[in-house]
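Pasting the structures here.
In the two assemblies presented below, subunit A is common to both, partnered first by subunit B and then by subunit C.
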Partner chain A sequence: MTPAFELNTSISNLRDLRASDLGPYDAVYLGNIFCRVYEDNLLERPADLAEGVRIVADQGKRAYLATYAAPRNDFLPRLRKALEVAVTAGAAAVEVHNLGILKIVRDEFPSLPAHIGGFANVYTDAGALVLKDFGAVRITPNYELDLQEIDQIARDGGMPMELLVHGKMPLGISDYCFLLDYEAAWGIECPALCQQDLFLTKDGWAMKSVGKGVLSGKDVCMLEHLPRLVAAGHRNFRIEAVSESPAYRHDVGSVYRQALTRALSGEYDVEPGWWDLVQRHSRLGLCNGFYFGQSGMDYRGVRPEAAAAILQIAPREGR
Partner chain B sequence: MAILLAPAGSLEAVAAALDAGADAVYVGLKGWSRGGARAELGWDELAAARRLASARGTELQIALNTIPKARERAALLDQVAALADLGVRTLIVNDVGILTVLRRRFPELNLTASIGCGAQTAADVAFFQELGASAVVLPGTVGPEEAAACCGVGGIAVEIMVHMVEEFVLLGRCWMPSYVHLKPTAMAGGVAGATRQTGSMKRGGVGACFRICQEPWTLEAPGGRRETQRLPSRQISRLADLAAYVSAGVAVLKLQGRSLPPRALGQLVGRYRHALDAGLTGDECGRFAEPSLPPAWTVVGR
Partner chain C sequence: MTMTVELLAPAGSIEMVGAVVDNGANAVYVGPRGWSRRRDTYELDDETVHGAIDRCHAGGAKCRVAINTNMQSSEIAPMLAKLERFVAWGVDGVIMTDVGAIAAVHRRFPDLTIHASIGANILNDEDVRFYQALGVSQVVADTKLKLGELASRHARIEAGIEILIHANKCYTYLGKCWMSPYHRLERGRDAAGKDLFKGSPNRGGLDYRVCLEAWALYSGDQLREPRVELKNDAFFLLDDIPKLIDLGVRCLKIQGREYRVALVGRITRFYRDLIDAYTARPQGRAFDLTSWRKRLAEIEAARDTARGEGTRLLLLEARQPVRSEGASTAPSDTSPTDRVAPAKPALGAA
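Moving on, here comes the complex of A and B:
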């Protein structure tokens, strides 16, 4: 039976995968899109990737391969190997943030459905249609779009959208890792450096650094707004947890599994316990991203405490 | 033979770039380019610039590299039709959807995939070749060897932005400013109802991204560590590599800097003109000394 919705998340390596309870999820994106030398990045370790796909599939979930957001020529041989392993191991789809990789997937791995990632910059239905012609079957629109624009792309682009409903929203990617400057001073070496909880703070707001990637400091939270999303026909939802703990992945995923089920039933309210849990895992408060046409760090909803810019960074839950 | 493509943000700057030896100049059409209102040309200026370039036997290219909303697409197509009537033959665009729409509607035009499209690999170049782009712009971080692989795709001209500021976050993949502040503003150029998103690098139009990446930050780490941190950025100049790019098959050597004053732009273009000509004849053009860079700029672990 086809589930009424898909809830998925992201995991970078085998260690994190084994430590994570995938119970709340229908699918998992495997691999770190930001950095080749992220600890045991599944994209760089074919045997680990095959094992990761097997672990996910054995739990009755779909395994997706994530791919690099900003590759260079010298990434491509390893990337092709990862795609080959994904096909052989039975991955259900590949997430593509880069247009050259999309062409590689279509030309060389046509059996692998392509999901378009947020860094691919789909801003309009015209862009969605181009990527559909290149074999895309699902799109994460650019994070800067509001819900009206996303609905329009889904309608006129003729493809399902995947929406980030909770977690730290990607804000940028770099070719360089400035954290390496701190290896000596902190006595922490790569690849452990970017797995610290690192926040860039300024004037009452913050972003999270994961080395080559920049994420929102606040967690995007659409818990209050799920009925709006399902009413518009969206059915693919993501908990972005690439920089989070297994406890975060489990707790937040469990909340959204229940909440989405309830939203689809047509009778919706936010359980206080859900709210407490997502608040507890959020170290800098919550935001809605760009979904309501506002600045990405703003929050719209009936729970004003969520909008607070809490610059007292709370310790990570369940680390 | 590679050409030198210069930026310009005013009619005076177009003249300065041509005087200094540019083979072609690109400008932004007011309201439709990411250069912002201060580095874009209105229709009268644009027509004058086109006449000026034509009189010198050079080309004026037009950057339309903001991404308009779907409801503004008809207005964009009207603008492009008017540009074609004006004799413009090359447009620089920033979105695969816009590129494809224009390709179908205006098959006679050359369409360049801008640096904001994010191409860096031979596979990216092949994608844009298949899409029907005439040219694709790669950042100056792509060296001559990588450029040769990209040129090997064929059927599409490869441009290198040989003079540019490389900010920490890759061009076309940054939403840091709009995370802090996103503000709809009326579009310059007077299209009724059209807005630009100030703060958005892809959809802005006022030229302001708040440059938050260039501000000092506090990097907070576990254990109470606090470090003052600036996100690294640098000025890239490939002055010493021009001949190598030409040998690699690069068709266009492009300079960034539409907001430069005419005098500074003329000096910049002149320097590259001299270096390109000297490099092609094997003459010594003087070694370009790149400033020393902090450790983070070694491409470790890429």
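Moving on, here comes the complex of A and C:
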């Protein structure tokens, strides 16, 4: 029986994969899109990637290969190798954030369905149609789009959308890891540096840093708005957890598994226990990203306290 | 033999068009209001674009329009109608980002030269080939690319490469950053009905430069660093100019529509003189950059002063509440309900 929806998440390496309970999920994106030297990045380790695909598949889930958000020429040999491994190991799809990589997939790995990632900058239905001609089968629209724009692309772009429903929204990608400047002073070396749960803050503003990547300080949360998403026909949802703990991945995924099932049944209430869990895992509160045409850090909903910061959450689970 | 390289200059006003043409630009780019990667203050209404095209042509220069925002799906039809007018007025090319819009323009105007904008964030050779397949004939190289990567590209691909010689090198890749609208985005339409997406450099052009804020860095609840810098440097290329010319890049591009007319005129004149001096040198003779370095330092100081003040004002503006009239034109289906003020982060204020 075809599942009514897909809930997926993202994992960077075998250590994290083995520590994670994938129970709430239908699919997993494997690999870290921000940095080539992220700890044992699956994109750089063919044997690990093959093992990762097997672990996911053995649990009855679909394994997807993630690819780098900003690949330069010298990335391409490794990416071709990862694509080759993904095909051989039986990955179900590849996510591309770069249109050159999409061309490589179409020309050299045509059996691998291509999902377009959020960094590929799909803003228009016309853009979606172009990518469809290049073999894309699913699109995560750029995070800056509001729901009306996303609905239009889904309707006229000829492909299903995948939407980030919870987690830290990517805000930017760099070629430069400023954390390396602090290796000596902190006594912490790469690749452990970017796993220190780092936040950039200034007068009420905050962003999470993973060195070469910047993420939202708040967690995007669409828990209150799932009926709106399913009513529009969206069925593919992501918990963005690439920088989070296995406990986060499990707890938030479990909430959304239940919530989406209920939303699709047509009778929807947000259970208090769900709020407790997502808030417990949110260090700096919740936001809606750009879905309602507002500043990305704002939150709209009937539960004002949902946006409130959690002042203390120490020690964080699973870190 | 050294190939002729084009000097492309910016114009944020009709006065700037005249200044850069008079100072030796081979080509000029302008942005129609609401449609390019700059604040609307530095963009031109359609009639002024017409005047810019005429002024460029009268001075022997080409004129391009930058329609390089990531537009909405519903904006592609009006964009084509607008471009129809520019083509009728003789515009020489269009600078674009969105792949759907590029494909639509190439279908409608197959003879119009399309340049892939810096916002397209073209990073590898396969990227270039992808955009070529859509009808793009020239691409702007990302500012993070190294000379060796450009050499590789030039050797392997028959595409025109444009190099930014005065621009910003941001912490993030251009076109792959939405830090600014995460903190402040103001939706609202101008008199012509264009949503300006104030705060989004990708969608409307205004970037609050929040990366340049005085960020503190926390690990969990522990203050690690009271002040970290996310590198965002404005640069002038100098030492690389001869190498780029020798490499055969097709275009050297100056950014700076937001600066004063006189400063952009000086920058244009500096590069005109430099290119002419280098290409006119006797074959095989070394080219001494010492005097050029001194002349550029003076320009750089003036630019830095202007940029610093601009950044200060942008960061102040970024803290202003979003205007309600902007919200009134935002999408209406924000159900359910109450707008909630963003929560103050728990981590200490720096």
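What we mean here is this: the second predicted complex is superposed on the first by the 309 of 319 C-alpha atoms of A that agree within 3 Å, B and C clash if a C-alpha of one lies under 4 Å from a C-alpha of the other, contacts with A are read in each partner's own complex, and residues count from 1 in each chain.
Please note the rule applied: a contact is a pair of C-beta atoms (placed from the backbone, for glycine too) under 8 Å apart; a residue touches a chain by one contact, two chains touch by 3 or more.
Remember, predicted model here, so these are calculated numbers, not experimental data.
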item: Joint occupancy of subunit A by subunit B and subunit C, clash or fit; value: clash
item: Which superposed partner A:C35 touches (first subunit B, second subunit C, both, neither); value: first
item: Touching partner for A:G285 - first (subunit B), second (subunit C), both, neither; value: second
item: Contacts of A:L180 with subunit B and subunit C, given as first, second, both or neither; value: first
item: Subunit A residues touched - subunit C or subunit B, whichever exceeds; value: C
item: Touched partner set for A:V302, first subunit B, second subunit C, both or neither; value: second
item: Touching partner for A:Y123 - first (subunit B), second (subunit C), both, neither; value: both
item: Subunit B versus subunit C as contact partner of A:L102, first or second or both or neither; value: both
item: Touching partner for A:W205 - first (subunit B), second (subunit C), both, neither; value: both
item: On subunit A, the residue positions that both subunit B and subunit C contact, one per complex; value: 69-73, 75-76, 98-104, 119, 121, 123-131, 134, 142-144, 149, 152, 156, 169, 171-176, 178, 182, 186, 196-202, 205-207, 209, 214, 216, 290, 293-297
item: Contacting residues of subunit B [partner subunit A, same complex]; value: 67, 69-70, 73, 95-101, 117-128, 130-131, 141-142, 146, 149-150, 168-170, 172-176, 178-184, 197, 199-200, 202-203, 212, 215-222, 225, 227, 229, 231-232, 294-297, 299-302
item: Residues of subunit A that touch subunit B when the two form their complex; value: 35-37, 69-76, 98-104, 119, 121-131, 134, 142-144, 149, 152, 156, 169-178, 180-182, 185-186, 190, 196-202, 205-207, 209, 214, 216, 290, 293-297, 313
item: List of subunit A residues in touch with subunit C within their complex; value: 69-73, 75-76, 98-104, 119, 121, 123-131, 134, 142-144, 146-149, 152-153, 156, 169, 171-176, 178, 182, 186, 196-207, 209, 214, 216-218, 224-225, 228, 283-287, 290, 292-302, 304, 306-312, 314, 316
item: Interfacial residue positions of subunit C with respect to subunit A in the complex; value: 70-74, 76, 97-101, 103-104, 121-131, 133-134, 144-145, 149, 152-153, 171-173, 175-179, 181-185, 187, 199-200, 202-203, 210, 213-221, 224-225, 228-231, 319, 322, 327, 330-331, 333-350
